[in-house]
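I'd like to ask you about the structure that follows.
Chains here go by letter, A, B, C and D, matching the order in which they are written, and residues are numbered from 1 within each.
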Amino acid sequence: MRNVVVKDATAAVAGLKDGHTVMIGGFGNAGLPLATLRAIVETGVRDLTLISNNAGTVEDDLTLLFRARMVRKIICSYPRGAKAFTDQYRKGEVELELVPQGTFIERIRAGGAGLGGFLSPVGLGTDFETGKEKITAGGREYILELPLRADFTFVKGKLADTVGNVTYNMTARNHCPAMATAAETTVVEVDRIVEAGALDPESIVTPCIFVDRVFARA
Amino acid sequence: MRNVVVKDATAAVAGLKDGHTVMIGGFGNAGLPLATLRAIVETGVRDLTLISNNAGTVEDDLTLLFRARMVRKIICSYPRGAKAFTDQYRKGEVELELVPQGTFIERIRAGGAGLGGFLSPVGLGTDFETGKEKITAGGREYILELPLRADFTFVKGKLADTVGNVTYNMTARNHCPAMATAAETTVVEVDRIVEAGALDPESIVTPCIFVDRVFARA
Amino acid sequence: MKTLGRSELARMVALHLPRQGFVNLGIGAPNEVGDYLPADTDVMLHSENGILNIGPRPPKGEEDWDLINAGKIPITLAKGGAFFDSNLSFAMMRGGHLDIAVLGAFQVSEKGDIANWTTGESNGAPPGVGGAVDLAVGARTIWVMMDHTTKEGGPRIVRACTFPLTAARVVSRIFTNIAIVDVTPSGLVLDAVLEGVTPAEVQAVTGAELTPARSLRRIDMTGSVAG
Amino acid sequence: MKTLGRSELARMVALHLPRQGFVNLGIGAPNEVGDYLPADTDVMLHSENGILNIGPRPPKGEEDWDLINAGKIPITLAKGGAFFDSNLSFAMMRGGHLDIAVLGAFQVSEKGDIANWTTGESNGAPPGVGGAVDLAVGARTIWVMMDHTTKEGGPRIVRACTFPLTAARVVSRIFTNIAIVDVTPSGLVLDAVLEGVTPAEVQAVTGAELTPARSLRRIDMTGSVAG
C-alpha cells in the first residue's frame, strides 16, 4: 500500500532549493509547521518566495526564516508585528505582496484546482485593484485575481494515516487544506501518524492524493 | 438557541413559487432528497428552472417533477436515460443547458462564494466554449464561466443538528455541500435530527450558516 | 466632552444586535462586543480563521492555541459550533452569508465608505490587511464602532475618506463614544447622543453634515439607549 | 479478423498501469479495468462523484446506493479511502492531481484529440456529458480504450475527429481490441498488435498513418503483451 511517511523534518524538506516558492500553512501559530520551519533553516536555502498568511512575530515562527535571511519575497495578508521581517522590509531587503486574506486563500485554491483565475468583488475601488485587470460580468465589475502555486507546501495537521490522508485540529485548519492542493510537493507535519483505515473516511479533510510526505513532530 | 427544524417535507418547501430557480442535490439517487421532491410535486408550482446533475431516470426521482410538468429549463451535466425529461425535450417543451460536471459544480460554488465567475480550461476548443467569453491569463486562454444561484436548494444529508449543521453519507455528499451555499433558502432532508452539540465540530460538512430548514425523512 | 468608555461602547453595540443571526466581530475593540451578548442570545459569532459559533472566553490556564479567533486570542467553541477551512470561511463572508459585521475604523464617509486597514502613513513599516476588505465587502450589514474623533480631536466621520479605502459604500451604522449615526441614502442621520452632550457638540466634531433623527435617542453612560 | 474480448482488453490496460498512482477509470468498459488490477497494487482509484480509493465490487445483496461510482454502480471503499464533495473531486481532476485517466471514445485523432461524449447524431435525444470533458482536460495522462473500429468496420482512429471534441491534444495512448497505439509528437506509433493480426491489417482499419515501433510487441488473446 502507498506509504508517504518520512522519518523526520529533515527528510520532509528534501529537495527544497534556492529560489523556490513555498507555501506555509497557519494563522498565527495555529497550523504552523514549526519542526518543518527549523528543518528549512538547516537547509540553508535562499531567495525563497514565501506564501503564508503572516510573516511571524518576535518568536520562533516564520521569524526563523527571516532571521536566517532565506526570504526574497513574501505574499501574505497580515505581516504586522513581525519583527525580523519588518527590519528587512524597511531596508528594502525583502519584497511584500499584500493580499486581502479571502483573495489570498481563493488564489491558492484556484492554483490547486486548475483554474486560471476568478472574478472577485473584493478590493474594487481600493488600492488592491491597482495593476489588476477589471472584468465586467453579469452587469457588475470585478477584479481578475490570478492563481498561486508553489514548489513546496508545508502545513501542520493533527493526524495523518500512512497513505497520506490528513485531519486538522480546530482553527489550526485555516489555510492548510487549500495550500496542500497547490504545490508540486506537499508535506504535512502532524502530531501523530496512524494506520491506513484508522481515520473516518467522512472526516478526512485533505485526501491523500494531495499529500506527498507526512512526518510526526517529535 | 437557533432551531431550523421543520415538521415535514410540506413545511420544508413552503415559499416555493412559479418561475423559481431550484437546485437539487444528488448524483443519481445518492444525495437526492426524495421526500422533498414528492412535496414539491404537491405544491403544483410551474416553470421551474432546475439545477441538478441528472434529469431523472424512469423511476420516482427527478422524473416526478417532469411528469408533473413543473420544469421549464434544466441546467445539468448528464440527462441521459431520463424518460420523462427526454419526451418533453424532444417536443421542445423543456430547455436544456448542458454543462460539464466540474464546471457545473464550480459555477455553483462561485455563486455561493460571492465570486463573479472563474477562468476554466475545460471545454476549450469544443462546443462547450460556444457563446462564452474567452480570457487570456498567465499566457494561457481560458473560458469565463459564470456563477449559478437559486431561490431554493434542496439536498439530502445524513444527520442534521437542530441549529442546522449537516453531515452527508459517503458518495451521497457529491453536489450537496456547494448547492447548500448558493440559494436564498437552503433546505436539507436528513435521515435523522440530533441535538446541537451531538455532531463532531471537525466533521460537519455544511455549517449551519448555510442552512435555513432541516427535516427528517419520515 | 463626556465620552463612553470602551466597554460601554461595546455594550451599546451588543444591545443593538438582533436576537439572532450570524455576526463577525472585527479584531480589537469590536471583539469585546461578544462579552456583552445576553446569555440566551441566538446570535452566532463567526471568525474568519474558520470557526462558527464562538463561545465565552476560556478560563485562565485553559487556553488552547489551536482554538483562536482572527485576533489570535484564545476562544472556545459553543454547542452547535463548527470548524472549517479558510476557503469556506471567506465564502461565508464574500458570499453574503453573514448578517452583520462590526468593524473598527479610522474613518467613515457620509456615503458609507470605510477606511480601516491603514492610514497610509507607515513610516516604512509594512502594511497589513488581513480579512478587513473581504469582511467589509461581504457581510450584508456593516456596522462601525470607533471613537468619534482622533486622539487630536479631529473628525473620523467625514465627507470623503482621506485614508486608503477598505470598501466603498458599505457602512450602514456608526457607533461612537458619543453618538449613533445612521448612513442613509439622504445622508448621515444622528440617531442617538450621549447624555450631557448636545447634537451641536456632536456636529462640531463631525466632518460631514448630520441630520438629527425625528426622535433623537439618548445614550446613558452605561451604553444603554432610550427614547 | 480476430479481436480481443472486452474483458481481455480491460486486462491488457490493467497490466499497463504503473504499480502506484491515482487513476480514474471512465464509465463503461474502462471501469472493468479495475477488476484486473493485481491484489497488491498501490494504485488508488478515483471516481468523480467524490471518492478516492475504491475497493472491490460489493458482494451481491450488500450494495449500498449511497456508495456508487460515476457510472452509478455500487462499489466499496478500500482501506485508506476518503469521501469528499464534488468541488474537491473536480479540483483533483482539473488541477492535474490524477496521474492517469482511462477513457472510452468514439474517435481519437492522430494529434490526440478525443471525441467521447456525443456523436452529434442524437435523433432529437438530449446529449449528456457528465465529467468527460473535465477528466480529459484534467488528468496528467489520458489513455483511451475502445474497439479499433465502429460496428460497421469504419476507423475510430482518424486524422481529425468528425464527432464533437471532448478535448484537443490530450490522448497519449490508445488501447484497442487489436492493437496498442501511442500518440507521439511525430505521429501515431504502433506499439503492439494482436496475435494473428498483421500491422498492415491494423493500418487498413485505421484512418491515420501508423508507424510501427522498432520492436513491435505481440498481444495474446488473454490481453498479455510480450516482446
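For this structure, a couple of remarks:
Everything below uses one rule, namely that a residue touches a chain if its C-beta (ideal position, glycine included) is under 8 Å from a C-beta of that chain, and two chains touch if they have at least 3 such contacts.
Because the structure is a prediction, the values reported are computed rather than measured.
Shared contacts of subunit A and subunit C, meaning chains that touch the two of them, come down to B.
Summarising the inter-chain layout, the chain whose CA centre lies farthest from the centre of subunit C is D.
Separation between the centroids of subunit A and subunit D, computed from CA atoms only, is 35 Å.
Here the CA centre of subunit B is 30 Å from the CA centre of subunit D. For the pair subunit C and subunit D, the distance between C-alpha centroids works out to 57 Å. Each chain gets a centre from the mean of its Cα atoms; for subunit A and subunit B, those two points are 32 Å apart.
Residue positions of subunit D touching 2 or more other chains: 77, 83-84, 87, 90, 93-94, 138.
Of all residues in subunit B, those that touch two or more other chains are 106, 109, 113-115, 120-121, 168-170, 201-202.
Interface note: chains touch in the pairs A-B, A-C, A-D, B-C, B-D. Within the complex formed with subunit C, the residues of subunit A that make contact are 27-31, 55, 77-80, 82, 85-86, 89-90, 96, 98-103, 105-106, 109, 120-128, 168-178, 205. Within the complex formed with subunit A, the subunit D residues making contact are 20, 22, 42, 44, 46, 52-53, 77, 79-84, 87-88, 90-98, 138. Residues 47-51, 64-70, 72, 77, 83-87, 90, 93-94, 124-134, 137-138, 164-168 of subunit D are the ones that touch subunit B when the two sit in their complex. Across the interface of their complex, subunit D is touched by residues 1-2, 109, 111-115, 161-163, 165, 181, 196-197, 199, 201-202, 204, 207-210 of subunit A. Residue ranges on subunit A touching subunit B, taken from their complex, read 106, 110, 113-121, 133, 135, 137-138, 140, 142, 144, 146-147, 167-170, 200-203.
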